[in-house]
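Below you'll find a set of structures to go through.
Look at the two complexes coming up: chain A is in both, with chain B in one and chain C in the other.
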Partner chain A sequence: MSLVNFTSREITCKIVYYGPGRSGKTTNLQYIYGRVPEDRRGRMVSLATQTDRTLFFDFLPLELGSISGFTTRFQLYTVPGQVYYNATRKLVLQGADGVVFVADSQIRQLDENIESLQNLQANLLEQGIDVRTIPLVLQYNKQDLPSDLILQVADLEEQLNFRMVPAFGASAVVGKGLFETLRAISERVLRKLSEAQPA
Partner chain B sequence: MTRTLNPRFSFDTFVVGPANQLAVSAARTAAENPGVSYNPLFIYSASGLGKTHLITAIGARARELAPELRVEYLTLEEFVDAYHAAVAAGHGEAFRSRFTDVDVVLIDDVQFVAQRLETQAELLRLISHLLAQARQVVLASDRPPRDIEQLDERLISQFAGGLVVDIAAPEFESRLAILRRKADERGVDFEGAVLAAVAEYNARNVRELLGLLNRLIAFQAVNEGALTVEGARTLLGLESVLQEDVETEEGVPETVPPAVDEFADFLDSVGSALARQVDAWRKRIEESVEYWDGRGYRTKRLERLLTEETPLGAEQAVRAYEADVEHLQALAADMAELDPPRAGDPVFRDPERIDDAEAAVQEAREGAGPPPGPAPHLTFESYVETAGNRVAVTAARAVTTDTSVPYNPLVIAGPNGVGKTHLLHAVANALAVRPEAVVACQSAQAFLDQYVDALERNRLEMWRARHRHATAFLLDDIHLLSLKPGSQEELFHLFNALADSGRQLVFSASGPPDTLDGIDERLVTRLQGGLVVELPAANREVRSVVARRELNERLGTTDDAVVAYLAEQPDPSLHTLVEVIQRLAQELEASGEDLSLALARRVVDGDAAAVTRPARRSRSSGVVMSPLASVRSPEKVVWRWPHVGDRLIEDMR
Partner chain C sequence: MTGAGSWSLGEQDHRRITEQLNDLLRESNARCALLVDRTGQLLANAGDQLQFDPTSFASLTAADFSANDQLAKMIGEPEFASLFHQGEKESMYLADVARRVILVVLFDQRTTVGLVRLRVKQAVGDLAKLFEEMFQRGADGKPALPSLLEGADDEIDKLFGD
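For the complex of A and B:
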């Protein structure tokens, strides 16, 4: 973890948006990018394929300015969701301070959600991190789709949120629930600061 | 555990309007008479309408009116985390007792209790307990109790038993008042109708409203000339959304919500989350300082953190500190094994001197710990030199000034109470000022006790090493080793080792070596191999000087008649003389009389029996007596008095 640098009085939090392919992770970052004043955001780096699938990862640095005497930076990353990019996912996940799991609310995507959640757990474990200890927030995206295509939040909670972490219904294309998600993960990450080890 | 309340959130800074009037009145009542009415008070509203502000204001107001009140503010999530942590650590009861002394409990974001059955049970138990004690409970949620999913019916009825009150979105006038107040606080003036135009927009919550205001302020700051109503509307894009009413279906908006400053809101919440952490850390350090200071450990290191503006990383600092204390405790335990008296050394109480503590233990482990030293007050300066003891004193001085070790060993012989011990310690003190000097100076009784202790602890080698690196070795009352073959054997080898390497040896004895009973011949001959000087019994002159000095030291006064009377006493022992003066001092203190001959006579006569009974005292000079030696008979220790029956049987044998 590289959360706090006492010498330069800086806090840097790395938050990774994880989830199955096409669940809306990049859209999350794009929406946030659009809401951040220019002077507070770095260039959003997106490495996408021709069909707009994330090939490597997206990266959005946010400058939150001086908070309680610390220059605070958030770095938001997404992982490629497709199953065969697991090596990249592991790489991006390294040193993450918090994870937002973006689930796709569509009924037909339930298995992919579960598989991706298991993949997250396995990849974290490989880095010696217990999924129960890292700050984690769930986001049930695409709640704006017709209700016969999607699972309701309560059903998704039952299927995915067995760890009872904070969860938010969201619609990334219209921006609903995205900042709530970001706020929740940020608060959890910051709360963990007091237990963090210095760099 | 009380979290610091955000000082910005008070009733004074809360804009009251028809939408929140009832909630504010109830909150004020709860704050001013906690536990009396509206208990529990359940406040609900959509996000950003001031729930947190209001319940924080209750805490602040209650504490303002009665500073002794204990107010605890926490979010439900913190409650859950603390509860889980307590259960995991097996301290469920401690968690409960955390709230037993709290007068006002404020719980925010209660809606997160939805579906958490265990937490609901714990919350129910807590609220029932607090209500039974007439403590004020205030809860805030983003929805009414009935709408919280799977909320226990008992909790619902408990909430309903107090007052459930909502805060609605502010109407136009309240919005305008909020905008005006905030603009005022920021020191920004707008043209009359600008704020009204903004207020016309039906903001869903106060945060959204403030986001709009922030944009106006930012725009006005960088543009010359005041903002017009049209300019403000254009800037905020209000024309397009004024009439727009975003309907939701199953909680999901069909259209894009208005572009409020979500990032500013996010910054706000991150800022307050971090500020909360900083407060929590500060609290953590204070508690730790109090705890460890109370246990005698130096806490400077933690206190320094408190002086920092933001003691970030306190938890790890406290943990590091505690780890160091633990390490110190282990070192002190090691030291207690190796060298018990040194385990009380201050280095074992100061985590900043952990290196010194480690070095001390290492030193002790290698036997390099300093051997027992001389009593600092027994010096040549305070020694009374007379014609009778001049030879002895001159020889003793020569030992300290002549580095060629002229008399080795020097044996100071003489009966009890003639000043042998004083002279021996005076030599030791004089030798100790030499550079790199390691002077071992102790009574034979202490030597014996330590030898037994070393045997018992299996640390004989260490004990020996400690003595063997001494540059001078002085042993008082060597006759006490009479018939102690083990100690004599040790002393014999030590003697040889030290003498061979040219170290000074000094002994005191009750008589010349060849007159000592029970001392091994090979030791006697070695003692005779140096210089044996005899101290005569203290004559009247010596006793006068000693009496005058002791009176001066103990009473701060002296009296010629008393000095003469004390010096004339038949018992020549200086110990007896000092003892009488001690009693005299006690008597003076008890009676409040002035020093007089009559009083001295009374003390001496009263002590006559004791004074003439020398056998009552130990034969040792007593200066470096081990505590064990003075209580060798169990009968002297009242709490170990033998059972009378045992004694009879013993006598019958």
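For the complex of A and C:
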């Protein structure tokens, strides 16, 4: 749920990183946090278990800069990926302006990816949102792993990207493909926001 | 819970909200008040200068309230309309406004939770009216937003520039 404040001339949008457990959602945010200049980011908040698994969410506020005279901010959230945290996942998804689905490219994780995508669709629907209308981008993470362990981007496209949304191969630990992902979702969110406003 | 609609906060609305918050602080003797929407965005604040990161604070407030909402449902309550977190010196009182916004009041020993609760209850009623009015007005009469795509690419490049 984007917020446009005409007094302070600020726009704030919420982007949620979704996907199965251990697919690299938190790593996406950690890498972005490490690479973005200090004056463009706020504090990263992580509500994690003692073993560093996301319990509730990670949160990273980013300042995109001034666009058309409005200071534009993105708030990046991750959901907990593990199946049994669905209640908290729904809470984090509330009011999302855009979703990045981080898939795990490993062959043995294909079912988990599909299940998580279906879960995303169901949780959005519960909030009255059609997955076809919300800005969505896919990221195929862990493409750096040995090729006999992973599915290639073309295979993943066929298995997961039936809505033909922008998709990127990535390696979150070294940062490959992360900015492309963020750029694509940013553009789609801003376009939707522009269209939604009264002319 | 409402779907993902957009918010626009006009200048006049912002001023009226801040006035309400200032009235509440004066009457309750609390330190500061914040209004946070249910998705974790800070809408307005008043009172003492905040000594913490307001953005993180807002996102955690929304999470706190949402988690408690679910707990309420599990025990058969439609909601917990307010929450109280007691600290040694500083305490927080949180209250729902019109199911869309959370009012957070920070206070110390200069006042009591009883007085804060009483004043918050009145403020919630006034703020709820104000927000209902805002929602009913909808998008009509709001200033138009210019195209947000021009310049967006450049800014994203700058963000990730080497």
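One rule holds for everything that comes next: the second predicted complex is superposed on the first by the 192 of 199 C-alpha atoms of A that agree within 3 Å, B and C clash if a C-alpha of one lies under 4 Å from a C-alpha of the other, contacts with A are read in each partner's own complex, and residues count from 1 in each chain.
By definition in this document, a residue touches a chain if its C-beta (ideal position, glycine included) is under 8 Å from a C-beta of that chain, and two chains touch if they have at least 3 such contacts.
None of the values given here were measured: they were computed from a predicted structure.
S.K.: Between chain B and chain C, positioned on chain A by superposition, is the outcome a clash or a fit?
M.R.: Here the two partners, once superposed via chain A, clash with each other.
S.K.: For A:96 in the superposed arrangement: first (chain B), second (chain C), both or neither?
M.R.: A:96: touches chain C, not chain B.
S.K.: Counting only touches as set out at the top, which of chain B and chain C does A:107 meet: first, second, both, neither?
M.R.: Touch partners of A:107: none, neither chain B nor chain C.
S.K.: Quick one: is A:143 in contact with chain B, with chain C, with both, or with neither? Answer first, second, both or neither.
M.R.: After superposing on A, A:143 lies in contact with chain B but is clear of chain C.
S.K.: Does the superposition put A:43 against chain B (first), chain C (second), both, or neither?
M.R.: second
S.K.: A:174 in the overlay: touching chain B, chain C, both, or neither? Say first, second, both or neither.
M.R.: In the superposition, A:174 touches chain B alone.
S.K.: Check whether A:190 is in contact with chain B, with chain C, with both or with neither, and answer first, second, both or neither.
M.R.: Both: A:190 reaches chain B and chain C.
S.K.: A:67 contacts which: chain B (first), chain C (second), both, neither?
M.R.: Both chain B and chain C are touched by A:67.
S.K.: For the three-chain arrangement built by superposition, which of chain B and chain C touches the greater number of chain A residues?
M.R.: Partner touching more chain A residues in the overlay: C.
S.K.: Thinking of the overlay built on chain A, is A:87 touched by chain B (first), by chain C (second), by both, or by neither?
M.R.: The answer is second: A:87 touches chain C but not chain B.
S.K.: A:122 contacts which: chain B (first), chain C (second), both, neither?
M.R.: After superposing on A, A:122 lies clear of both chain B and chain C.
S.K.: Applying the stated clash rule to the superposed structures, which of 1-9, 91-99, 127-135 or 145-153 from chain C runs into chain B?
M.R.: Of the stretches 1-9, 91-99, 127-135 or 145-153 of chain C, only 145-153 runs into chain B after superposition.
S.K.: In the superposed view, which residues of chain A touch chain B and also chain C?
M.R.: 4, 6, 11, 35-37, 40, 64-65, 67-70, 72, 179, 182-183, 186-187, 190-191, 193-194, 196-198
S.K.: Spell out the part of chain B that touches chain A in their complex, as residue ranges.
M.R.: 77, 112, 115-116, 149, 250-257, 259, 261-263, 265-267, 269-271, 273-275, 277-278, 280-281, 284, 309-310, 312-316
S.K.: Could you pull out which chain A residues touch chain C in their complex?
M.R.: Interface residues on chain A, with respect to chain C: 1-7, 11-12, 14, 35-37, 40, 42-43, 45, 47, 56-57, 59, 61-62, 64-70, 72, 75, 77, 87-88, 91-92, 94-97, 127-129, 134, 179, 182-183, 186-187, 190-191, 193-194, 196-199.
S.K.: Considering the complex alone, what residue numbers of chain A touch chain B?
M.R.: Result: residues 4, 6, 11, 32, 35-37, 40, 64-65, 67-70, 72, 143-144, 147, 152, 154, 157, 164, 166, 169, 171, 174-176, 179, 182-183, 186-187, 190-191, 193-198 of chain A touch chain B.
S.K.: Which residues of chain C touch chain A once you look at their complex with the stated criterion?
M.R.: 1, 3-11, 14-15, 37-41, 43, 53, 55-56, 59-60, 63, 66-67, 70, 139-140, 142-153, 155-156, 158-160
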